[in-house]
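Right, I'll just put the structure down here and ask away after.
For clarity, chains are labelled A, B, C and D in written order, and residue numbers in each chain start from 1.
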Amino acid sequence: MISEKKPGKISRYGMSVDIDKCTGCGACMIACAVENNVPPAQEGATDLTGLTWMRVFKVDNGQEYPAKQSVYFPMMCQHCGLETPCYLVCPQQAVDVDPATGIVGQIPGRCLGCRYCMAACPYHARYFNWWDPKWPAGMEKTLNPNVAPRMRGVVEKCNFCHGRWHAAVQRAAEAGLKEIQPGDYVPACVEACPAGAIQFGDLNDPSSAPSKAAKDPQSFRLLVKLGTEPKVYYHSRREWARRIGDPSQAPDGKETSHG
Amino acid sequence: MNFSGKVPILLGVLASLCAGWIGFPRVIYKSRPQPVEFSHPIHARKAGMLCVDCHAPREDGTYAGVPPLSQCAGCHTANLGPTAAEKNFIAEYVKTRREPQWAVYARQPESVWFSHTSHIRIAKLPCERCHGDQASSDQPRPYQEDRISGYSRDIWGYKGANHSRRVGASKDEFMVVPGMKMDDCIDCHRQEGLEHSCLDCHK
Amino acid sequence: MDNMDRRFIPAGVSRCSTRNFLLWLAPWAALLAFGLYAAALCLIKGLNQTHMNNRFAFGLWIFLDLTVIALGAGAFFTGFLLYILKLKELRAVINSAVVIGLMCYGGAMAVLAVDVGQPLRSWFTFWYPNVHSMLAEVTFCISCYLTVLLIEYVPIVLKNRKLREIPSFLVFEHELHKLVYVFAGVGTFLSFFHQGSLGGLYGVLRGRPFAFREELGIWPSTFFLFILSAAAVGPCFVLLTTWLVQTITGKRLVKPQVLQSLGRISGLLLAAYVFLKTVDTFVWLNRTTPRSGFLPAQYYAWKPFGIWILFAEMALFLAPMVILLLPKLRARTGWLVSAAVMACCGVAVNRFVLTIQTLALPTLSFDRFLHYVPSWQETGSFLAVVAAGVLVYSISFRYFVLFPEERELRTGPPAAPQTEPALAGR
Amino acid sequence: MQNTRRNLLKFIGGAAAGAVFTPVPWRLITDTALWSENWPGIPRPLRGEVTARYTNCSLCPAGCAVRARCVGGQPVSLAGVAGHPLSRGGLCAFGVAGHHLPYHPARLTQGRVEAAAGALSKAVANCNVEGSRKQLAANLDASKAALMAACNPGESVAVLDLRPGRTASWTYRRAMGAVHNGLYLTAGGPFSGAAANPLAEKARKSWLAGESACPTEAQALAQQRGTDAFVCEPTRGSDRHHDGVSSGPGGVASGGVAVDLTKPRTVLSLGAPVLDGWGTPGNVLAARANFRLIQAEALESRTASLADLWLRIRPGSGSTLALGLAALLDAHIAQAVTVADAAAATGLTEQQIKDLAAELTSHGPALVLPGYDCPEAWALNQLTGAWGETVVARQEAPVPEHWKNCAPVTDLAAVPDGAIRTLIIDESAPGDYVPWNAIRRKLVADNPVVITFGWTPDGYGRHSLFVLPTAVYPETLEDIPAAIDSPAAVFRMAVPLVAAPPGVVNPADFVARAVGIDASNALRERADAIRKAGHGVLFSSADGTSRPAAQVPPDDFWKALLEGACWMDTEGRRSAPPAIDMTGPEARPSEDARLPLVAVLAETALATVPPSPLMTKLHQESNLRLGRSRAALHPETARSCGSAEGGRAVLETSLGRCEILVVVDSSVPPGVVQVAAAPEAIDICGAFARCRVAFL
């Protein structure tokens, strides 16, 4: 379906998360749900049947007080750049990897809800609409027109706030530009984080925050040895935290292998 | 097996062919007239207006769509013409300040991201490219909606079926409006080599 | 009424009274109704009726689908042996095998239709297929093969005594019969292929090291293991059902050596399977797993899925293999049947491990191990399939010739219909 | 043709075959598939022009600056304002979803009258907003008249202001000033045990006698109070040891005393949720890198787990720890309390306490923050020399002169019991929540009149005769008191982003009108007074620039404020707050066999507001926070009470019982019940209380 002619500018959008800064306040999760028209939990939903494109996990070093230490892991779709598992398994092309942005997107209208992609995702970053979406009366007025509400029975996930990318492209067009400026496109969680722990940018642009993070020896990616080249980099000064995120990390903080 | 044995079968085939090709396309759509007998040519020619005078992109890049009553009322404070349509419009809407419930032929599904700005500013497409020569459509054709999917016939229906009456054309002489189905978008994007991903146009 | 019914029953065989037959059907029909209600709930209210969740994206349904389809493999494999490899004695069970296959595949498809969140869109797979996706492969093959099975089922139906009276049907049936080799061939290919795809379904999951297998050619090793295990267990299931029908009805339907040769074939295949499975397991634990940054120990660290489950699986293949390969044991019905049962359980465990255990295991080190218990709606929906299967088989057995040898064998030890009238003679 | 049945079958067969060659089947499957995209129940977001509007979040005194993305005028998402001098772009989870509140299912849309309120309510049993308003006005006059006529010195009309320091607060004070026997009450003074505690009373005198720049200074500390005391120090605080329940969690200070986070190198927090909604989140996080954070707290709160050092002390032994530290720094306190006492009470070793004291002095400037009621903490700052350095007295933003003759600020606790005939409670803006029993005691015994202004009925509405619906952020136009971490005076307003529904009441206006003064224009008057004073700068969120206020024409000044601008005073001379005399009685844990557990409030931020429905993301769809009406127990505690995850239970204290949903969490110490703060929970627990858990 992709045409021969490649897009003018190839970006590889990615994120870097400094888990030492994260206070686990949850602003990112709420901002994400607000931006992407994710409905509140239905009666009977649990942390296993809910819709949290962005989810913050609390993780500790397994020690007891006073040795106990904890970090918070903001988890979203890691937008695998190689052999993207969900993209490969979807039977009817409802998952798409945009060559222009590297964003892994879900097309709700095409999805038949077989959930094979959820079984394939190593990060459990995909969520299924077990219920019909419902908002309290009147609250649907606050929905974001740049994102289509999903229907029951389809899978959804983080797409780096793709609606904001569309809007940025349109603003650029209004100014007569073909390409968007780096600052114009920022996902909701990045904007919302009061601690500035999450940063976003183009991994093809060496000056962007994620590109810098990628070079930092204290940066790591989750389950990198699976070889799916995730585009979200985490960073921590604490070695135990790095090991929890990526057991294949050597003590010096270098990844032993890229799968 | 004699021939007469096959007759009922053939009858059956014939029956369903007729029903399927002639009857069905009429049944599947429900059609309703536009609230106001609006004439583009009068505004375009007589009043010398351009498309963007009424259908303008906003500063934020979003598209304003069909103008609100206030904009029409700007000129149509009182009857500007002798026509019944004019009288009706003034009496029904302007006086009572009631927004006409226009049905938008080209309204895309919620899952579609379409930016007029990008297509006008960057691709430099004329309105006619997709909307057809509305400037000469004398009379709004009825809005047809698919009974099951609920989509307008222009974006989801049989191609070449989107007709508007030309100025002074006889009842059955029509001009064709290009379709606005996904395939139509893809055709053009493919020609331009701008078809990269579903996410280009889907949200 | 009873006479009307009688006219449909094949000549030269005895069947129980209509009343008894209906009595037998009644409970199954009730079960079917209940199951359909459960399925309707899932379709109307959505999948929140099940106990699946975002982590357990697949549950009871997928596990049983995989098992049932493996068991249904008897249909294609018997066909393959009979029509392609010309093992004539299998003609005795081929019809029965076809009906079993139809039940299994039909049931699997029906359950899948409930399992997806948007059944109205399931045909998209045919229109916009993703060539990389094993699931697309599966969908294509299964639906094609189901059609083949239906076509193979038609002649069995048309051979019915009453229906033969219609000349055109007779002609049609005759024409169809000429093509039976073609269908057998096509069916075999499709079936081999999709059994494989089903294996690939999990083998390709790079993100789930427990299920991931390295590729041989374009398919992961599970692709081939699934073909082999299905081929090995299919005959066992045919054997088992035949034996069941014989005991329930108290009739002799096939010659003992037919069942034994089924056993022998399955024994040989099991041997091959056990060997390859062992090799695969070693490669997987010592090469594939470390490469993806995991330790084999992690897989079996979680109760209740200890390492025992791996050995149990192997044992359930080894034991029947030995039994079925030893002519002495094979000759004894008791051994034969119990071996068949074990083999069927073995394949069930294998599919269970690949589906349920894979999903239960965490991948992220700060994630947790999950438990899952199906809801009554899930169980109910599946029972509907079982019930439907029994109904179809019972009716086919009563009115169509599933066991051609039954007529000659009637002269053998007399069946005792009157002893168990309700069951006798279906 | 004979045998019509067969022919009919043939016909049908033919028709079926033919149908395949018509569009019908294909069109039907595609249409139904499309129908599944917009079948009933999937909402359609409204389209419109996208604009940005600016306001300040009034959900807590942090008053973070907010940029609202509006579509067709309707806010669809909120974000912080990068580069804002106070909130520094920060906005918490509650603030991010603030625009949902007007549509909250628990929203109060109609005036309610408590049916079981005796004769008085019968007349107005089922009255709407209008009705209850008339009734209320009449009733207010009636009680006024009554009080004046029958000169019963005990009885009075009072306003309880849960968020002092606002312009509305001044209106209340003026109104009460105009009423004979009118009282203006706040959640409590610094030493709310006053009546019962001569030491404290003495200290209080010295406090109010001190350079009281603003009358609300006293409240500053008041805001900090809460209540571990009664668990450890049963003799402290009259409103507590009546029933062994303390009086509510500390909110954020609002005027009077402020802390300067840019100064300290060491911060000791006695249970203050420093990194979880305390002060101005953006500001705290910006300053975080500069100081070493030591958290002394019983629970592994967010702050505790992120602090540089976490000292796990016994629930409610914070003030004892403060005393212990004080004893090390000041000999004459040491006579009252020894380190050994502190060690015993807190469960720390003496060495740990000594090290702590050493660090506070050696690695200064230090700052000690009280989480709950312990004035000792403030006093500790005197001994460490932080007084006037990291802890300063903040001037209040200028007010019009003619407002100044008004009712004084009175602590609720200082009011003699049974003294209030008519009580008006304003909980329209989230503020402190005082357990009902502490209020009830102050009311006359025979059907007192309690009038609550709120946007939900879950707060004091549950105890009131009248509940009048008010607007809610972001419908309201109101100013926000300064946060504890802004050393200079500030003035900024939450401006309406959406129109309030018809029939809502503006509490301050309402009260003012009831007593016949005009305060409808109070905010503008205040703004003009500030502008007239001529000092400070005006930061405009819209363009991110600051200008000296003096250079802004008055009308523009007001206009800017209406566009979310923020006025900040230039920080003048740092004046130390007046000294506090600290000789607390010795701490002694109170035991009660019938109530074996200790209930500790958690998630105290915004305890009084039902948060946006989307908050389920944080507590139901993940386990990041403890949701309302949930309580966390250690697995052992849960087992001993015979419960499991998700079990329903009843939490019982000496004051009553409320239903809870059990969450099992091994990070909660055994013997402790971590209760999510909410009015019904605070009513029976305060901040700490002995309790038992019984399962349903």
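For this structure, a couple of remarks:
One rule holds for everything that comes next: a contact is a pair of C-beta atoms (placed from the backbone, for glycine too) under 8 Å apart; a residue touches a chain by one contact, two chains touch by 3 or more.
None of the values given here were measured: they were computed from a predicted structure.
For the pairs B-D and A-C, the larger set of C-beta contacts lies at A-C. Chain B and chain D have Cα centroids lying 54 Å from one another. The distance from the centre of chain A to the centre of chain B, each centre being the mean of the chain's C-alpha atoms, comes to 39 Å.
Here the spacing of chain A and chain D, counted between their Cα centres, is 33 Å. Shared interface positions of chain C, i.e. residues touching 2 or more other chains, are given as 118, 121, 124. Multi-chain contact residues of chain B, defined as those touching 2 or more other chains: 60, 62, 109-111. Those residues of chain D in touch with two or more other chains are numbered 32, 35-38, 42, 44-45, 47-48, 50.
Chain contacts in this assembly follow no simple pattern; the graph is neither a line, a ring, a star nor complete.
Of all residues in chain A, only 1-7, 93, 96-101, 103, 105, 107-110, 146-149, 159, 162-163, 166-167, 169-171, 173-174, 176, 178 touch chain B in the complex they form.
Contact residues of chain C toward chain A in the complex are 46-48, 52-58, 115-119, 121-122, 124-125, 127-130, 132-136, 139, 201-202, 204-209, 291-293, 358-359, 363-367, 370. Chain contact summary for the complex, chain A toward chain D: residues 21, 23-27, 29-31, 33-35, 37-38, 40-41, 45-47, 50-52, 55-56, 58, 60, 65-66, 68-70, 109, 132-145, 147, 149-151, 167, 188, 191-192, 194-196.
Contact residues of chain B toward chain A in the complex are 57, 59-62, 109-111, 113, 115, 117-118, 121-122, 189-190, 193-200, 202-203. Residues 42, 44, 46, 48-50, 57, 59, 73, 83, 85, 87-94, 110-116, 118-124, 126-132, 151-155, 222-228, 244-248, 259 of chain A are the ones touching chain C in the complex.
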